[in-house]
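Letters A, B, C and D mark the chains in the order given here, with residues in each chain numbered from 1 onward.
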C-alpha cells in the first residue's frame, strides 16, 4: 500500500499514484493472489495445458479494467493511451503485481507483451500499430519476442543467426528460436522476431532486423516447450521453434532493415525495472509466508516455536533489510530513467538487474528452508517463485555480462582517480616540507645500530 | 575410477575394492548415464507415470548383478549377504553411482530401500526378514519409510503423531504421512511406518514404534504425490498418504513397542554418507558439463570462448577445490564409521551432512549459470540435480538442527578451554615476574604529563 | 561533489546544500586528504603520541571555519548555532568527510564530540552549556563519552556498573571504563560518564544516570590506551580508565538521576548515520585506490595490466554496485529521520548500521588484495581504514544485537501476515467452488489402479 | 595431541610421531603460549624493538632441543640432520606450533628460515652449507629471503628487477627489496637474494639467479620496516631495503647463474603446508577463546550467557566444521607430497594454500566479534592473528594467481569431458531406438491443435 512507500521517494509520488497504489494493492491481495491456484487448476493437465485459456483471467481483467488498472506500465507521455504514470510510480505498483502470478496479466502489464507493446508504440508504423498494438493494448491477443537461439551464445545479440532474406515483396525466415516466452498460449498471435538481413555487414550492429511474424504463419513449428526447474509455466510457457521458409510481407519489417539492434536496446530498460520490482514483491510474499511458518503454533521442533530458535529471527531481520535495500536500488533506477531516459540510467538499471534477483533468491530460499519439506513442494508458492526468479540471473543478459560491462565503465575513471591521488600525494610532500614534518616509519634507525 | 581415489585414503582401500570401483565407474559411465534419458522416456506421461516400470531398469539390474554390483551398500560383516565393502569403500563407489539417476537402483543401492533393508537386517525377526528383506535384497520389490507428517514439525521425531493402537492381535493405524519417498512406484510393496503406541509415556523417546505395513493394506490412501521444484520424481515419487483404520497383525511390530526411536536412529548414519557421496558424484558431473560448455567452439559470447572470460576459470578452480575438500570430509566420516560405528562418528557424519549439499549446490548452480538458458531446462541434467540436492539441506534433519546439535556438543569443551587459557595466563604472570618483564601498553604514562 | 548526489534524493537537497557539498568536497580533496599523512607525522612517536596536538589540525580548522564548514552535523532547527542542514544534507557532506582522517575534526564534526554536543544541547542546562558546549562548539576543547566497561557485556547498557553515589553536594564515582574514545587527546577536557545511581531500582531503565566529569578530576587514571588491530589511533585513542572516588558537584548531573538511559538513546541515531556515510566515503577512496592500482602500467603480473585479469573488473563492478546501494540505504534513513525523528527512523537506522560496515569492509578488502603486499602496510590508507571500520560491526551495538531487535520487530507482523494468507486461502476455496475448478495434483489416481 | 589426529590419516602416522606430537602439544600449551606475552614484553618499545633478542626465546629453544623438538620440518631422508618425520607427521606437529607465536622459532621451525635451510640443503655447495646452513640449523643465526620488490608486480617472479652484475670475482647488486621478512632481527645474518643476472635472456625463466648476501655487507640499507595492519612484527619484522653496489664473492652464487627460478620453485611446497597447518592451529586457538567468552558467567548481554543467544552456537558449529574440513585438505596435500613430491602434489598444495587462510580468517573473525570491543584490541591474541593470516591470502602467490592456474589446469580436462558426454549422448540415442522410447517433451502437440 501507499503507506509502505519508502520515505526517500515518497515526495515524488503523486497523490493520484498513491491512491492508485492502494487500489492495485487491494486488487492483488484480495482478487489476484486468491486466484493464482484457480488459474493453475484451470490450466489443466497434459496437452490441455497448452490449449487452455483460464476463465479466471478474463474475469480479473474485466475487474482490473474497471478499477482503472490497465496498461499502467506504458510510460507517461509516451503514448496516447498511457495512463500517465512515471517509471517510479509504476515501479511501486509493479511490486504489488509481483505478489501474484496472475496479477500482471490481469492488468495487461505482463511480459513479454509490455516490452513488445513498447516496441510497437515506439517503432511501429501506423498499420503495424493498428493491426497488432491495438489488440495487444486491449488485452485481446498476446505476443512473443523471439531473439534467443539454441545454436549460439545469445547473451551477445550479434551472434543471432536466424536468416531473413528478402524475396520480392516478402521476407523469408529460416532458423531456430528458443526461450520464446508466451509462445505456448493459444492467444499468442504475433511474434516479434529478430534475425539477420545483412550478415556480412562490416558493422556488427547493423546486421540485424526485427520483423513481425503472425504466429500462424505456415512454416513455423513449435517443437516443444521448455521446462524451468521442472515447471512448464503453461499456458504461456517457453517455446522452442523452427522457422522453415516462413514468409511475411515486407511491410512487416519494423523501422527498416539493419535497425534491429537499435530496437532491442530501446526495449530493455523499463522491462528490467518491472522484473526487479516484481521480484521484490515476490520477496515480500516469501517473507510473509516465512512469518506465518515461524509463528505456527502447531510446528514446534524441539519444544519451541520456530521464531524462538535463535537463527530464525536473524533470517527475518536480514530478509527485511535486504529487501528494503533492494527496493531503493530499483526505485533509484526508475527515477533516473524518468529523468534521463533508459540510456542515462544505464548504470542504475544494470545495478538493479544484477542485485535484485540475488537478493530475492536469498530471501525466498530462507523461506523455503523454514518450511522444511513443505517449502520445496506445491503447497506454497515459494519453490515456483524461486525457479522463476533464478532465471533472471541469466535472462536479459546474464549477471556476468552486466558485471563486465559495469566494471569496464567504472574503470574508465582509472586515469582520473590516479591523477587525483598523485596530486594529493604531491601536495602532501609540499605540506610536509612546509611543516618540517617527517613520516615516522618503524625501523629507520636499524642499520646504524647494527653495523 | 580407482585412480582418482584421494591419496589420503588410498592405502585403506583394498585392491579388490579398487578393482570394483573401476567396474562401477565403467558401468555407470557406459551403461547408466546413457540410460537416464531412456528411463525418463519410459516413465511416460500423465497418470501413466505412476504405473510404469521402465524396462531399462531391469535390463541394467541384470547387468549389474552379473558384474557383481549388487547390494554394495550393505556394510561389511553386517549381514550374511553383504558383499563385504567397508563404508569407505562403498562410499567411493557411491560417488560413481551419484553420477547417474538410475545407477543406484540398478545396483539395488537406492534409497530408501537401503536404509529399510538395514532396519530389517538389524532389527527384523526371522519371519519379517524372510517376507520382506529377502525380496528387497533380490530387487524384486521396493519399499518406503514413513515418518514425516504434514501436521507437525517432523525434524523433531518426538512430534510424530500417527496413532498406533493395539486391538487384540492387530495394530490399528490412523493418521497422515507425507514425503513417503518411493510410494509412487507400483513395485513399492512395504511401508516401514513410525507412529506412536504410547503417546503419554513420560519418556518422549519411548512413545514411538515402528510397524511394517504392506502397501496394499485396506485403509491406506495415496492422496497425491508431492513435487520438488516442479519435478515429480516419478515413478518412485514422494507420497502424501492417509491411514484410516489400517490394520496389521501384531507380528508386524519391529523390535517391540516403544523402540521406534532406537530403530530410526540406527538407520541414519550410513544413509547420510551415501547421499553425501552421491552428491559429490553429481557435482563432478556438473563440473564436466560446465567444462563442456565453456570449451564449446560454437558458443562465443563477445568474441571469446567462455573459458577465456576471466571469471569462468575461477569458477572452475573453486568448484574443483570445493568438491575435493568435500570428498575428504565424507570419506573421513566413512572411515570413522568403519572404526567406531555410526555413534562414534556422529560429529563427522553431521559435518558431512551439512557441508556437502551446500558445496554441491554451489557447484551445480555455477554450471547452470554457465549454460545460460539451457542450464535451467530439460536439456541438461543440471536443474533436476540441483532441485534434488536442495532437498538434502532439509531432509534427514535440516541444516539448522544439525548445527544446533553440533554447536552444543562443541560447546561442551567450554569449561576445559576456559580453564586451559586461565592456566596459561597464570603461567604468563609467573614468567613475567621471573623475567622482570612488563607488557608494554601504549599511553600508560599519559596522566602524569597531563595533570 | 553535488553532481554525484543520487537521482533519488537530488530534489530534496537545497541548492545551498549542493553548493556547500561542493565546498566540502574541494576542501576534503585538496586540503584534508593531503594533510592526513602530515597529521600522522606530527603525532610523533612513543609517549609523545599522546601529548601532541598536530598544528596541521588547527590550520585546517581555521580554513574550514572560513569556508563555513563548521558544526555542519548539528541538525536543522535543533540549536541556535546550527548551520541548518537536514540530516540528509549533512549525510551527503559526511560522505566527503569520510574520505579523509582529519576532515571531520577540521570541520568540528568528529565523533564523539558530535554526539556529546548533541547531548549537551538537548539535555544540558544553561550552566552546563555555557561551560562545556560552548568551547566544544568552538573547537577549543574535545570530549569523551564513557559508557563501556571491561567487566560486563556493555552492548546491553543495563549491565553498566560504574557506581555513582551522592554524598552531600557531590557525586562520587567508582569503577572502570574502557573504549573511551578521545581520552588520549591532551585537549580532551570533559567526560560524559554513564553509571548507576540506583542499581536496585526495579525498572532496569531507571537505574542509570549521566554525569559530566572534567578530565582532570582527581581520582581518574588512564591505565593505558587500547589498540585496534595494532593501530593506537593517537592522539585521540581509546582509553582504559579507572575511577577511584572521583568527585563532581551535583550540578554536573545531566537531566536528573535515573535518566541516563533516555539520554544515551537520544544520542544514537544521528551518529550512526554519520559513521555510515563516512564509511561510504572511505569505500569510495578504497575504490579509487584500487582503480589506480589496476591501471598502473608498472604493475603487470603475467604480462597483463591488472585490469585485464578477468576477475578484477568484476570486483570493481561489484564494489561500485554495493557502494551505490549502501548509500541509498543511509540516505533513506537520514530522510526518515528528518521527517520522523530518530525514533520514527529506528528500523531504517538499524539497517544502515548493520549493512554499511559490511559493505565497506568488503570493498576495502578487495582494494587491499589488489595491492598485494602494499595493501596491508602503511603505504596506502587501506589497512588502517579497514581496521577502523571493522570496529563498527561491534561498536554502538554489535550487528547481532541489532539483528535480533530487527527480527523481533519484523516478526510482530507474524499474526497479520498469517491471517492475510489464511484469508486468501479461504477465498481461493470459494473461487474454486464457484469455478468448479480443482487443483491438479500428480498421482491422485494412483491407488485405484494399484489395488 | 595425538588423540585428535583425524581418523582418516591416523594409520599413516607412526607411533613415534604420535608420541612426539604429544610432546609438541604439551610444550606449546604449557611453555610457549604462556611465553608469547613475555616475548612481546621483552621486545620493548620504540627503536629498541629492532635491537632486542628476547631472552625467553633462548630459554624455550634450550628446552625444545632437550625435548627433541628441533628442525622437525626437515623432511625425512632429505638431509642427514633430519629428524625423519614425513610431511604428514610434521604437518600435524605444525598445527600445534601454530597455536603460539613463539613456538615455531623455539623449535627452529620458523619461516623464512625453514625455506632457506631447505634451499641451502638442497642447492648449496659444501662451503655454503658449512658457513650458513650449519649455524641456521643450530639456531645460532637467522636469515631472510629477498624476492619481492616494490616497483613491480612480484607475484609474477619474472618481473623481478634487482640487478646482479658480475665484475671480476664479485657480483654487484643494485636494486630494492621489500617484505624481507626477518630482516629486522639483529640475529638475521644472511639474505638469500633473487635478482637478474641475464635480463635479456630469451627464456624468461633463465634470467634469474639466487645469491647469498651477508646482512652486514656494505651498501645494504634497511630503509624502514613495514607494518601489517598496524603491527610491526618486531623484532623479525618485514624490511624495505636498498642495495647500492653491494658486492659479494662469486662463490656466493647458488647452483649457478640463471637457475634462480628453479630454486624458488623448489622452495615453495612444504612452506605452504606449514603455513596452512599453523593457520589451523591458530583457528583452534580462536575457537577456544570464543568458547571461553561465550561461557563467561560475567558477560550476559540481555540476561543470557552468550552461548544461549541462538546464533552463537551456529558460529561454533560452523567453525568446528570448517576447521575440521580445512585440516583434511592440508593433510591430504601433505600425504600427496610425501608420496609424489611437491610437483606431484601441486594441485593439492594450491588448494590448501587458497582454502585454509579463508577458513581461518572466518573463524578468527567470528571469535573477534564474540568478544565485542575486547576482540579487536591487545587483550586477546585474536586481532594480531587475523592480521597475520590475512597476509597469507596474498603472500607466496595471491589467491587469484593460484585460482587462475588451477582453473587452467582443470580446464585441460575440457576435451575429454566433452567427448565422454557426447559418447554418452550417442549411446542414449541408440538405446532410445532399441527400446522404441521417445523423450516426452511438453507441448510437442501444440501446433496441431492451434492451426
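Note that in this section a contact is a pair of C-beta atoms (placed from the backbone, for glycine too) under 8 Å apart; a residue touches a chain by one contact, two chains touch by 3 or more.
Worth saying up front: this structure is predicted, and the values here are computed from it rather than measured.
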| item | value |
| --- | --- |
| Higher-contact pair (C-beta pairs counted), A-B versus A-D | A-B |
| Chain whose average C-alpha position is farthest from chain C's own | B |
| Distance between chain centroids, defined by C-alpha means - chain A, chain B (Å) | 36 |
| Inter-centroid spacing, chain D versus chain A (mean Cα positions, whole Å) | 46 |
| Residues of chain A whose C-beta touches two or more other chains | 45, 227, 232, 309, 311-314, 378, 400, 403-404, 441 |
| Footprint of chain A on chain C - complex, ascending | 6-9, 11-12, 29-30, 33-38, 40-45, 55-56, 287-289, 291-292, 294-296, 307, 312-318, 320-321, 324-326, 328-329, 331-332, 335-336, 339-340, 347-348, 351, 354-355, 378, 400, 402-408, 410-411, 413-415, 417-418, 420-421, 424-425, 427-428, 430-432, 435, 437-441 |
| Interfacial residue positions of chain D with respect to chain A in the complex | 47, 49-51, 184, 186, 215-216, 220-225, 227, 232, 234, 237, 239, 309-314, 441-447, 449-451 |
| Chain B residues within the chain A interface of the complex | 45-46, 148, 150-156, 159, 178-179, 226-232, 238, 298-303, 306, 309, 311, 369, 372-379, 383-384, 386-387, 390-391, 393-395, 398-401, 403-404 |
